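In the two complexes below, subunit A is the common chain; its partner is subunit B in one and subunit C in the other.
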Partner chain A sequence: MASKIEKIYMALIAMEKDGGTDVSPSILVITFLYLVAVLSVPLYAPQKLIWLAAYPIIASEVYGIGYSRILYRSLWILPLLAIIGMFNPILDHTEAFRINGLLISRGWVSFISILLRGVLALQAVVIMVTLTGFLGVFNLMMRLGFPKVLCTQLLLTYRYLFVIMEEAINMKRARDSRGYGRKSYPLGMWGRFIGQLLIRSTQRSIRIHRAMKARGFSGVFPLVSIKGWDKKAWITFFGWIIVIVLLRFVDFSYYFKALIRN
Partner chain B sequence: MHMADALVSPAVAGVAGVAAVGLIAVASHKVKEIKRDDIVPLMGVLGAFVFAAQMINFTIPGTGSSGHIIGGVLLYALVGPWAAFITLCSVLIIQCLIFADGGMLALGCNIINMAAMSCLVAAPLIYKRIYSGGRGHAKWRIWVGSVTASVIGLELGALLVSLETELSGVTALPFGNFLGLMSSIHLVIGICEGVATAVVLTFVESYNPDMLFNYFVDKTDRKINGRRWKNVIWAFVVIAIIMAIGFTWIASENPDGLEWSIGKITGDTELGVASIPSTAFMPDYDSTFAGIVGGLIVMVALWGICAIIFRKRRVAYSSSEKKND
Partner chain C sequence: MSHHFVRYTDVHYRYNDGTEALRGVSLEIKHGERVALLGLNGSGKSTLMLLTDALFYPTSGEVNVGDVPVTEKTASMIRRSVGFVFQDPEDMLFMPTIYDDVAFGPRNMQLPEEEVMRRAENALTLVGLKNMGEKASYQLSGGQRRSAAIASVLSMEPDILLLDEPSANLDGKARKNLIEILNKYEHTIILATHDLDLAAKICHRAVVLEEGRVKLDSPIESLISNSELLKEMSL
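== the complex of A and B ==
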């Protein structure tokens, strides 16, 4: 548990340095539309869904992230999605099609669909967050008109994660150094441990907030430099919209079959 | 209880999203009225605290949802209903964007299921009534209030998750079984969450009672819990009507909403396919299978082509990754 806290802490610090090269409001809208396109594909049509993979492939390469990196980051969700869809092949035995006499049920088709939907949706979000950086997303939300209270709260929650982690690590060190070699945390101790962690971090966060106010913090974080909706942004935006609409509504597998047949 | 994007249809997500945005707008307005100096850092640090607590979770098989504590009652007891709602929303948004826990399109569903049900329904109507029901705040009131409110909040959330998944038509698990699985697991989680909340709250009450939300001073809470609590019920009735109208539309999504719209315009649900005869790409195989194989081949080819064309652009990201390592 304690080492997990330290790992998360290090991961958060690593994230701070990541991304933030293309902070444009259009990426949030494009990602949203792509998610709608992916999730609107009927469950028993994975052959349509697979063509939507073109967006993460093209976008990741065009923006210089590299699709291998996006694929690697999105594959961890597969076991989770497999657990989600595991009942579909078990419960739905209706025949979907046969491959050389081998019956493939609709349950398996929907199972594949669930895997694809989950992976593609995650890839789109990963691309967005990689492009904007984690703090950039919150700034984009503010720029797009989300309530300032919520945006400030988002940024503070993110910032105070570090405070909680640091306090937890300090308490863990204190316990280890006075535990006479005992590494375990008995059940009866957890209530006091967590209660104290809450009070300690709250008091520290109040001190931090007072220091911020003393240095001119008015309650709202200033916006980082975000690209406006210039000509290039509009062209990119409509370009991606056309790509996503085409991928969603044109059944490329039919054209592909016709091409192969000819 | 986080729903993944793979679990919801756009229509269900859209309806829940509209309801969630409306509640966030109201909550943002209400939070500004809170006259408490330390509310901003308190909300921030509590958000981080609940975020850390929600990291301990597990996936519930077949339901597409995860089991974990929510923390709504704890937040309510410390900062009141609207601030608790905003705090929990921020936790859900960060989990979605940074840790990909819960889908971006399913965010509205997650906000309604978790934040609204626990902070705006279960906690104000149950915890507050038990906690401030008599003279003095005995510890048993915290215990009974926390456990009851946590269980009911989680069960309401579980019910909504089951309804939303059923209406999205993704899982083959029958609604009754789905609900049974979700509610039984969340009953256990609810009891655990209630006990954990009570332990923390009794500790806070003993060592720093000022941290607890004062129900008798804060006006924002009175609007929910006093004579005007009926307004909240009305708000939920309106949301329920919006969701019911939306869900009725969703229930008939065969073909789905987007294709239906296109079908209305063009007379066909697919653009441009009517003119091409249905031919077999692989003679013995069904078009679904052929489509998947064909699609995979094309996508790999596309990846290769894009990687070659845009290979020079990768420098910026690979160098920043090396720095992180």
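== the complex of A and C ==
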């Protein structure tokens, strides 16, 4: 049976392998703009984020990925965000507003804001990676003039993550096969496990890097084929920019209310 | 590098922990020769190959590929003409798909993308992975991974081919296919292996290493047919 770490590993690999179907440089810029839009929303105005939430939905449907997949892949970050945002409701009790007399503090408002912000940002990134694969993202960054060495570093760091996971899977299998169905291990054993894992994955990374050098790798990752900025790329590019700017700056609720009133 | 000979002159190599892996290897391998590198576990075969591909440098002595001494300065030039299939295919496959792995070398050589594609597809076909390019390495069997690693080097069309234990994990069919590929190969082959039968089917010359020294250098025929000698070489 696949362990949790194997499942994560498979999901990451699948995500990466599916990518590359539509590697157009515009997606990187669009995603970046969207992130700026999301992060620039004031902390105490999470209602403005609601409209920006439309982008991942529209984009995932337009690109045929399906929003449920994106949602599923982005929710794992919630606990992490909850830890980051946890202190806001604890520390900040000043009143933000009341719902039927129930006091909602600014702390809770900013907490919600952090959760939403994180999930939305991640969704946009997941859409991009689903479209291009991580390799595609790094290649696009290079295309757009990011320093090649930096991109290669990022890419290698990212690959290192896989190496660690592969080694962990192997070690876990080896351990379980001799563990006679044992489910938990003493703390000291975990310490040794992690130490061993780091040594093994470092050794393996050295060998991988060596094999890369043997095939002419000189510190800069070779570009995979990427589409240029053709007419279609420009059109989608401006289309998305307009959508994002509208979602960020126009208060649709105002028009909705007006519509309902009429 | 018009003449792709490989020459080792009194090569010593010591690992960081003090292990003397090579203790004075001298050899000359001419262009087009096919040499089997034999010897027990830990006798220094892999180390010698790493030195040949400018991945390690001799602690003392000299390695020459063609007229070029193997040094840090000449490394990238050396690696262009020397192809190296590592002992462990896991170390060679790290891209999202097998195709990307096989195209990695040619892309590093900055060949045009059509040429990259031609070479990658050609190499994949050669090793019998024609329609497997889009798979991720974890989706392949151990033997297929081995074949993919071999393809990732064949696509570079090297003048000197180093293979470290290439038949491990291969089934009968894939092994036969490998022998066929290598026998068609016109350039120099250095093959480290414990598979004597494979060595005999591909190579003309046998070099036996023992504790980092050359213990025997002879035509492979005379080694294989001499059971006394085989025993003496612990093969």
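Just so it is clear, the second predicted complex is superposed on the first by the 174 of 262 C-alpha atoms of A that agree within 3 Å, B and C clash if a C-alpha of one lies under 4 Å from a C-alpha of the other, contacts with A are read in each partner's own complex, and residues count from 1 in each chain.
Here is the rule we use: contacts are C-beta pairs under 8 Å (C-beta built on N, C-alpha and C of every residue); 3 or more make two chains touch, one makes a residue touch a chain.
Quick caveat: nothing in here was measured; it's all calculated off a predicted structure.
*Asks:* Is subunit A touched at more residues by subunit B or by subunit C?
*Replies:* Touching more residues of subunit A than the other partner does is B.
*Asks:* Determine, under the contact definition given at the top, whether A:208 touches first (subunit B), second (subunit C), both, or neither.
*Replies:* After superposition on chain A, A:208 lies in contact with both partners, subunit B and subunit C.
*Asks:* For A:232, is the partner it touches subunit B (first), subunit C (second), both, or none of the two (neither)?
*Replies:* neither
*Asks:* Between subunit B (first) and subunit C (second), which does A:218 come into contact with in this model arrangement: first, second, both, or neither?
*Replies:* Touch partner of A:218: subunit C, not subunit B.
*Asks:* Return first, second, both or neither, reflecting whether A:40 touches subunit B, subunit C, both chains, or no partner chain.
*Replies:* first
*Asks:* By the touch definition at the top of the document, which applies to A:104: first (subunit B), second (subunit C), both, or neither?
*Replies:* After superposing on A, A:104 lies in contact with subunit B but is clear of subunit C.
*Asks:* Tell me the contact category for A:173 with respect to subunit B and subunit C: first, second, both or neither.
*Replies:* A:173 contacts neither subunit B nor subunit C.
*Asks:* Considering only the contact definition stated at the top, list the common interface residues of subunit A for subunit B and subunit C.
*Replies:* Residues 17, 134, 159, 163, 204, 208 of subunit A touch both subunit B and subunit C.
*Asks:* What does subunit A use to touch subunit B in their complex?
*Replies:* By the definition above, subunit A touches subunit B via 8, 14-15, 17-18, 21, 31-32, 35-48, 50-51, 53-54, 57-58, 61-67, 69, 77, 80-81, 83-88, 90-92, 96-100, 104, 107, 109-110, 112, 114-115, 117-118, 121-122, 124-126, 129-130, 134, 137, 147-150, 152-154, 156-161, 163-165, 168, 190-192, 194-199, 201-202, 204-206, 208-209, 219, 248-258, 260-261.
*Asks:* Which stretch or stretches of subunit C touch subunit A in the complex?
*Replies:* The touching residues are 50, 53, 55, 75-76, 79-80, 82-84, 86, 88, 90-92, 94-97, 100, 103-105, 107-110, 113, 134, 136, 138, 152-153, 156.
*Asks:* Quick one: in the complex, what on subunit A touches subunit C?
*Replies:* It comes out as residues 10, 13, 16-17, 19-20, 133-135, 159, 162-163, 166, 204, 207-208, 210-218, 222-225.
*Asks:* Can you check the complex and tell me which residues of subunit B touch subunit A?
*Replies:* Subunit B residues touching subunit A: 4-10, 13, 24-25, 27-28, 31-32, 38, 40-49, 51-52, 55, 59, 61-64, 86-87, 89-91, 93-94, 96-98, 100, 103-105, 169-174, 196, 199-200, 202-204, 207-208, 211, 255-259, 262, 270-273, 276-281, 284-292, 294-296, 298-299, 302-303, 306-307, 309-310, 313-318, 320-321, 323-324.
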